[in-house]
């Protein structure tokens, strides 16, 4: 259907699964292998799916209650003693309520703390704006020593969690609430700090993270029907950023669309733009939440209303191609 | 000396004054005019210079003690009742310790709270990394409804504080600790939400905020001696961003250097880059803190060591001009 | 300006201003309707929290229909008392109380958490008339109320301020920052109410991170501490009276409640903290509450 | 592995591992030297905090030269006790105690807050050997120590954990989150110490936001509360002994101190919280402490 190679090809019907489940499962597997793994939660065991770990390893599970600041620093103390603590709460609270603790105690000391931020993005749905975390990328990227991964599906979240445990230093993991399409498989390659080329293309590059990777792949299909070949990058690691890949995409395709379920200011789009203007300036368009708070609604309704669909990626691609060709 | 007009011209010896003093003085003048002005502080009256207000209007001054989260929400409650609260603490704590409160209670409700974040930047000096706030721009820009001003000197801080009181909605004001060059005067124009063209130029544009505006102006002089004319923009308002001006500078000068005393990820440079790639892509170079924590030292030593001097701006200008001319 | 108080029998609609001062009997009847609203709107939305709203139902009703001096028709009436739920997740009862009291039509309850309604999952000042400050992140509400109380002091306004908190929420340090602040400034125009239902998301509060002895904690933070049976309207009114009469200190009322109170299969079960009843469960619940989904949803749609 | 304890008379250098168990007399003498270090390094740096370090000097000395089981030559000795100053601004005494105990040369004190030294304005694990967790933002340290205490429990390690807090710092809500956590998990390997000097930056703690009754607060959070004269070494050792002996609860020691203690013109004056003595003031202070800048700075430079 498209002339270009694609490592990821989507069937018409894609399996749906929660990213946070990949987190929960990975923690159990990590716990089996490594006694240093400890898990902390702030009264959200089920919704962050650390309950799997809690059942399997009660002696290494710490219930902190509703006290995110405390949880962040307790994790720091555990890390200082050689443990590999994973803490879990909603992303809004992991990134904002405990931001000072993440900056001073965890990041400045460069402690081996892993932060699991659930419920990222507008797709959180009915809970509404307060629970739809969409500022984490901006906040975490600004803090030195922090790493950050925004996996695109169940399997990638599983691998990202394993990779986070391997990486020495603080890592923030962002995942969502809903079932989302499983676009990768157990053996799709995943390298911490590198973007993955999910599909080749010449005319532009779509760089996406999280659930938007699926929308990007669907957009690529739609574009292909119009004879446009879009390269699709799964940029799961937001920090450290795969600058070489981004520069290469700018040079080779001359136009970039970024797609993220996050505020437009300082998110994936901003991160990519920072690399592009310093290496090889090309036209870019951003598919993101346009600096507004979320609201209640069904996840699907919100993804539509906030312009986070394949069709929005297609529209952005057409805009950026117009600019590329100077029309 | 330079062929291009310049609204700001620096004498060899520039007067030095603290930006935070402009904040302190403006609060007193605001208090005189408007009984709705209330000031809160977190046990830092002298160093945030709200002590002037405290002496003049003790009945409208609220000491909150060391409890930044509480202070942010108390300000919200005051604003909900029609007051115009200004809260003051160090930027590290205003932006990080109370980030969740700023996001949910203040910004989501869109309350008329003014946040004074002192001790921004590496120039904070001997206190070291924990007290050198350099993530505020990334954090505040990511939160909807927030506005943000990073004034360049005493007079601009004074005007920014007055403007913040006039603006309906939450505003974050960032200022520094040390005496810094007074580059503007009482009657230099200041418009909230607009960048000011401090000096004209054809070859490139230097967009700066905070104390880096002075370094930019000095850099312009050095460049002029080599026959390079640099436009200098004082982009005091980081949010809302003066996109039209940034786009115009990209089109007219074809190259941009940003200069900020802030982390490079998601700061002024990132904000400008986001506009540039979406409007008129041109080469950019960033003068900023390169994603590392600060340290103790004399402010001058640190500005040198972290590459935040006119010479660094000049070097960045030369790099960007090379790229502009395709060399 | 509307009268500050009025005799119960003046009041036919809830749209009147001032304090309604309903008696315990009348409040008990209204609390039953509130519970019916909660189950009905949750059944309709099929998303939202059941447990906390039901434990708050009785003292919540006393707050809105006896204690508060408000004018739902004019939410910004300058002489109003200020009320705030720091536990933003209990929106089912917040909206039910607001609608029954007249802030907006009952039918809006049937659009709870809906894309095209104003009734957000957590209280949003931007969306719902009468919500003064948005909430949803725990631990922030008492601080907001401290700010409102300080504003009233600066303006020498007799306004009273009521803040509803959760017991699990007591684990948030910001609560204690606000407690210390209010104790220090002796904010006796401030009344905190704790829905002491002994449950939170992951289980029993005392198993998660114990908050006992809670009364001692608040006393040590210089507050006047009252306790009441959070499901006995007469006892609740007694506590409100004592709180109103206390000078020189803020008062906190520990309202001893049962999560899910009023619905047999929800009562005292933490697993009902955050989920709605399925339609068939809602039917059973509404039968227990003396109505049916058909009847009560119709009342709401018509209201 | 080094011995856990050793008789005072074994110890000539401070480089030995284990508990030094010095007696009150010897500690009193060492505390005087610590105060001389503090004034000298501040005089040299001309930046930094005077008040808190001086109020911490006596119990700080007791902690490092009697109580703690550490090996300064091997800061990561697996059997070490864990110590942490949540009040990161008191680096003058932290570094003085560390240098005198042997973590690094005394001469490093003369590069306090200097660009080319490791002694950062606030403790930095990245820069200073022996600092395990960086600090500087108040209210976070007790939580860190809770994590260390939980790690010891998981590992069944007898390590003891000591956390120094400020009294103004008690206003931070996170302290009470940590207090609630430690009380809940009965972390009896954890000992908190509060420098109760009754001052903070803007003035008297009780004028800013009162923390009294502080003992009642900690008791209500299920801690064992001890009080001592923070300048009487014998009384401090008594408190340490009792804390060590207490099972089933964490212990907090309220060390009643005087800000700026030891220097007449600094004593009990909050304005000395955050500033260093000018050279001439330092000279006066050092005379009061039985030395001179010339003499003591030479000792440090040689050490």
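By written order: A, B, C and D. Residues from 1 in each chain.
One rule holds for everything that comes next: a residue touches a chain if its C-beta (ideal position, glycine included) is under 8 Å from a C-beta of that chain, and two chains touch if they have at least 3 such contacts.
It should be emphasised that the depicted structure is a prediction, and the values quoted were computed from it without experimental measurement.
Note on connectivity: the fewest chain-to-chain touch steps from subunit A to subunit D number 1.
The chains touching subunit A as well as subunit C are B, D. Put simply, the chain farthest from subunit A by mean CA position is D. Taking each chain's centre as the mean of its C-alpha atoms, subunit A lies 30 Å from subunit B. Chain centres here are Cα means. That of subunit B falls 37 Å from that of subunit D.
Rounded to whole angstrom, the centroid-to-centroid distance between subunit B and subunit C, based on C-alpha atoms, equals 42 Å.
Chain centres here are Cα means. That of subunit C falls 46 Å from that of subunit D.
Subunit B has residues 64-65, 67, 69-70, 92-93, 96-97, 100, 103-104, 108, 129-130, 293 in contact with two or more other chains. Multi-chain contact residues, meaning those touching two or more other chains, occur in subunit D at positions 124, 126, 134-137, 139, 171-174, 177, 180-181, 184, 209.
Chain contact topology: the protein chains form a complete graph, every chain touching every other one.
In the complex of the two chains, the subunit A residues touching subunit B come out as 92-93, 95-97, 99-100, 102-104, 107-108, 129-130, 134-135, 137-139, 141-145, 239, 256, 263-267, 269-271, 273-274, 276-278, 281-286, 291-293. On the side of subunit D, the complex with subunit B involves touching residues 45, 47-48, 88, 113-115, 117, 119-122, 124, 126-127, 134-139, 168-169, 171-173, 200-202, 208-209. Residues of subunit C that touch subunit D in their complex: 139, 171-177, 180-181, 183-184, 209-211, 213, 216-217, 219-222. For subunit B in complex with subunit C, the residues that touch the partner chain are 38, 59-60, 62, 64-65, 67, 69-70, 72-83, 85, 100-101, 103-105, 108-111.
Subunit C meets subunit B in the complex at residues 82, 124-126, 132-137, 139-141, 143-152, 154-155, 173-174, 177-178, 180-181, 184.
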